[in-house]
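Labels for the chains are A, B, C and D, by order of writing; each one numbers its residues from 1.
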Amino acid sequence: MTIRFGVIGTGAIGREHMRRITQKLLGGEIAAVTDIDLSAARKAVEELGIEARIYPEEELLADRSIDAVIITSWGPAHEASVLAAIAAGKYVFVEKPLATTIEGCERIVQAEEKIGRRMVQVGYMRRYDRGYQALKSVVACGELGSPLMVRCTHRNAAVDERYTTEMAVLDTLVHELDVTRWLVGDDYAEVQAVFPRRTKYAHEALQDPQIFLLRTQTGIVITAEVFVNCRYGYDIQCEIVCEEGTVSLPAEASVEFKHDALHKRAVPQDWKLRFADAYDAELQDFINQVERCNEPQGPSAWDGYLATLAAEACVRAQKSQGWESVTPGISQPKFIAGRV
Amino acid sequence: MTIRFGVIGTGAIGREHMRRITQKLLGGEIAAVTDIDLSAARKAVEELGIEARIYPEEELLADRSIDAVIITSWGPAHEASVLAAIAAGKYVFVEKPLATTIEGCERIVQAEEKIGRRMVQVGYMRRYDRGYQALKSVVACGELGSPLMVRCTHRNAAVDERYTTEMAVLDTLVHELDVTRWLVGDDYAEVQAVFPRRTKYAHEALQDPQIFLLRTQTGIVITAEVFVNCRYGYDIQCEIVCEEGTVSLPAEASVEFKHDALHKRAVPQDWKLRFADAYDAELQDFINQVERCNEPQGPSAWDGYLATLAAEACVRAQKSQGWESVTPGISQPKFIAGRV
Amino acid sequence: MTIRFGVIGTGAIGREHMRRITQKLLGGEIAAVTDIDLSAARKAVEELGIEARIYPEEELLADRSIDAVIITSWGPAHEASVLAAIAAGKYVFVEKPLATTIEGCERIVQAEEKIGRRMVQVGYMRRYDRGYQALKSVVACGELGSPLMVRCTHRNAAVDERYTTEMAVLDTLVHELDVTRWLVGDDYAEVQAVFPRRTKYAHEALQDPQIFLLRTQTGIVITAEVFVNCRYGYDIQCEIVCEEGTVSLPAEASVEFKHDALHKRAVPQDWKLRFADAYDAELQDFINQVERCNEPQGPSAWDGYLATLAAEACVRAQKSQGWESVTPGISQPKFIAGRV
Amino acid sequence: MTIRFGVIGTGAIGREHMRRITQKLLGGEIAAVTDIDLSAARKAVEELGIEARIYPEEELLADRSIDAVIITSWGPAHEASVLAAIAAGKYVFVEKPLATTIEGCERIVQAEEKIGRRMVQVGYMRRYDRGYQALKSVVACGELGSPLMVRCTHRNAAVDERYTTEMAVLDTLVHELDVTRWLVGDDYAEVQAVFPRRTKYAHEALQDPQIFLLRTQTGIVITAEVFVNCRYGYDIQCEIVCEEGTVSLPAEASVEFKHDALHKRAVPQDWKLRFADAYDAELQDFINQVERCNEPQGPSAWDGYLATLAAEACVRAQKSQGWESVTPGISQPKFIAGRV
């Protein structure tokens, strides 16, 4: 069976997922597309050269022939689309964030809970990266004992003037917030932000770099650096320090040069390339799981909720520069509990 | 348009390509399958859970609905199948070797030449590996000047008793013979084999390790080590030494451990994993090129001929322990000339 | 001219320096030795097979033929010996800490200030390590722009039961406190301690690991991890993140193995080996500078004072788990100002 | 006791050893100096600021107060000086080559044999390098089983016009000839030279790069590349491939940069820096061994003879481009046998 997708939002990421499903993945097809600007939706469909219906979101959600939606509109619109899709009985693949407010996330978790099984997957694609998966399996198998500390680095070459201090959490750190929690299998208790000296390359509205400390409920401390004007490239690091030893993400596989008095290799400049395989894998897995077991298995609405909850605490910590607690307002749905 | 494939030979590699086309790649389907043992063909089809006709090779080749064949029978059968497929107007993806004799390769080249365009691609998948492609682009762009030397290492953890001294060339070194010629864009002039002290892990019929020296027509010297009982894993290295500097394949991307008094990472044990992406890419490219331009663009019959020609010289050199020349008996078809 | 040394304290480090000056370095000799247990001093001299006078500390300091003293007694005795040696006109090489109290350090700084030139060098040997010197020169030359963050890791395989939470600062972190301040050329303003989940290998009186955040006066943030039961070995890391790029200590130079399914190298187990060359270099430089310019040029009494001051703030931060300020009670002597 | 040295030849290396013994090492002093140009000897002594007698070589060798000589004249003069020094009962540290002819080396071995104990050490300093010593100990302890192959690379950034094809063996490869034989504990049986395409940076009288194959008596094959206009720096590599795994020299310990879209570290440009510690260690060991056991323990006259013998075969192989045998004309003196 081919999963028939409706796409809500045809910005860059939306078009990327359309292309991915059409040209790279198996088992799915883009059957319907919408956007607040329908002419943009039409253009996206034409560029890709596919047959797909183009109509307003309400009609798309009412279309019985659509199995699942991909929500790639701007963040504030996510909640309404996710809730409507759940109500319409459609599987949801939603880009991060699940919703921009904690309450919005809670409403989604509760809507899904009423259905009684998973409908939603959030686009935290790092869980599908080979390196992170290897880290996860090392921690899970216990060969290094219990994790005590995690050290994360998230560096970008540069950002433009629209990127603000808060976005360092909401757009950037949020990936670490999700993947680290998943890696160590433990929820956050409190977070702190520390602001180093500002780089001269940061625009006015941006504190850059930033350091975050996150403490889990069992006391694991994560140190996470966000530095989005590091100049030299895109650089994602993760080291997990356990009782018996440490394990780290591999360095990027680049050819090695000896040239010009240097032993050197290129640092990737483009974040899309770094996680290209993970983007493919997350969506392929969504397709496969929906078809095989009628439930997606990737990052859940609950995961999306906790990521947003931790991000909101980090934003508070940016302002207070002290420890801020991370306290869920609702309980984990039973059908989620016990899954990683 | 979907390319309808017929598969000739359902051994391990044949079944692997069937699974690949069915479950991972886009634009192709397994429409027909044959094997000298038709019950093996039937079993392969059933295991995969596909609909595909099962009939003798002659019928498969006569079937007008089949666009292309994948030839994964044993080596000595390749020539006849390739020639019959070309005669039947079908595109051919044939596993290495193109044919087991030089004359057989020549007949294939000439058969294709009569058609006047490319019909055949040989399964030298390394050209589709990201690392080798990066090496190729470095050499091609000229930033390191002209290549002078290449150093290759091809190590396997272990081989079984059926693996002989000749197979070190025909099954193993042959990958270096193809990919190195492609990397430097130059044909071989002569080759030499040197036998070091034998490892105690080599079975009786096997000299292991072996060292080969290859000299191209412009004088580039390739040093290639084949060591198939190296014990520690699967290890493929390639360094190109140019006038301005050197470039090497990246080390395998494995997570890094600090544990047990060691800084360590795993060496891959399985050669399939090392080139898994390349196997996918070669066949996807075959599908795409056949559909788009009615010609495959990967390793050609001419490439397959030159690889077999060089391999045959290496086998002679194993016996003579001196330099043996590599001399093609036919000229390169015009429609191939100038392509890399 | 040979510098005639008196050694005060013949514990392990004292005997090591005696051996070093006698057998490895040029320009110095051990002329006199004392210890609170004179028989230990006698044994140390005999074992080394040298001619050296053995008498109480007062007599040693009164001996006009002695040019310089090496103070390797236990920490609480340092202050009295240093002050007495300065009063006796002798150059002082004192192991860390300069003194165990802030007031003691201040008295030493002021005693030296009265003399009007440098008499004292403190044994912070890392400044003489080739790796740290390379980092220093990169920062100093400005090619990477201003430093914004420093990430330090200080790990030991294991410690015994006498090692306490405070010692993680006083014996271990103190090396980072000195060397990092020297690297970035900036003084500390405040410090914070964060305690992760305790490893099961920590003894009762020890929180292990610990994380420290240090903020300098210009806002550079140093993140320093101390983990003294990391099990896998001795591991010192330092990365300096600047506006234009980063620079890190080299990995240890160990031969590389491919063996047993691993690509591996040994992690040093012994901290003495890691800094063996630095220990030689610091003392050789002390000898050379005293002879050439009548002033040692290594870590000064002022440096020793600031290291103790920062350490004391870190100990307060261990208890408060909040930010603690680092405030000198005296000013930097004029003859020190402007030196790095 | 201080070893009193006479230096014969005050070119660059001679003056370097004079400085080393005077300023860095223990237990030796430069007591006498000669050169074919006595004014050069005088200048060397004055520059160093030492007291040393300056007189013709005959007088120096007749001076009963001199314990040992350092022979750093040009190669063709070595034999006569070594023989005269042995006759005069003086220990000899002679720079490579021991002598420029095989017969000359044989005369020296036989002269020493008449004395009945070791008098001579040849300046093959790599045996004193920490990396090579670690390789040696890995091979010797047997943890990787028997060595089967060795891969050596010897690259220099550039050479001047006086450097010829032969010098690639006599000045450059000869270090590999000595150290590899020592590493694997096996003598050479035959050698071959292969000339790749010439780099455009090679001067007229120079084939560059060159590849040498060396086969030992037990069949170990060494592949050694000499490339003295590699442009990017000084690069010494050595990998020993054994039955159970491989071991390689560590990469140079240089600080790591992430800067300018690159992950990079500097390649050393200066060969003196690479082996600076080894140069110190070889001469310190010579001093120590002569004083303690009246025999130097480093590379012997026999080692120097075998290096010259192998080098001479390599020069023949450069001309013949075929295998050339390495056959000693005399037997190993009994007092050498069994030593490594």
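FYI, a residue touches a chain if its C-beta (ideal position, glycine included) is under 8 Å from a C-beta of that chain, and two chains touch if they have at least 3 such contacts.
The structure presented is a predicted model; accordingly, all values stated were derived computationally and were not measured.
**Student:** Determine which of the two chain pairs, A-C or C-D, is joined by the larger number of C-beta pairs in contact.
**Tutor:** A-C
**Student:** Go ahead and note the Å separation of the Cα centroids belonging to subunit B and subunit C.
**Tutor:** 59
**Student:** Whole-Å distance, subunit C centre to subunit D centre, using C-alpha means?
**Tutor:** Comparing mean C-alpha positions, subunit D is 39 Å from subunit C.
**Student:** Give, as an integer number of Å, the spacing between the C-alpha centres of subunit C and subunit A.
**Tutor:** Comparing mean C-alpha positions, subunit C is 45 Å from subunit A.
**Student:** Any chance you could list the residues of subunit D touching two or more other chains?
**Tutor:** Within subunit D, the residues that touch at least two other chains are 231-232, 244-246, 251, 254, 258-260, 265.
**Student:** Treating touching as the only link between chains, describe the layout with one word: line, ring, star, complete or other.
**Tutor:** Complete.
**Student:** Hey, which residues of subunit B end up touching subunit D in the complex?
**Tutor:** Touch list, subunit B to subunit D: 145-146, 148-149, 151, 194-201, 209, 211, 213, 215, 218-221, 223, 225, 227, 230-232, 241, 243-246.
**Student:** Can you name the residues of subunit A that touch subunit D in the complex?
**Tutor:** 157, 231-233, 235, 251, 254, 258-267, 269
**Student:** Which residues, counting only subunit C, touch subunit D once they are in their complex?
**Tutor:** 23-24, 26, 130-131, 134-135, 138, 143-144, 244-260, 265
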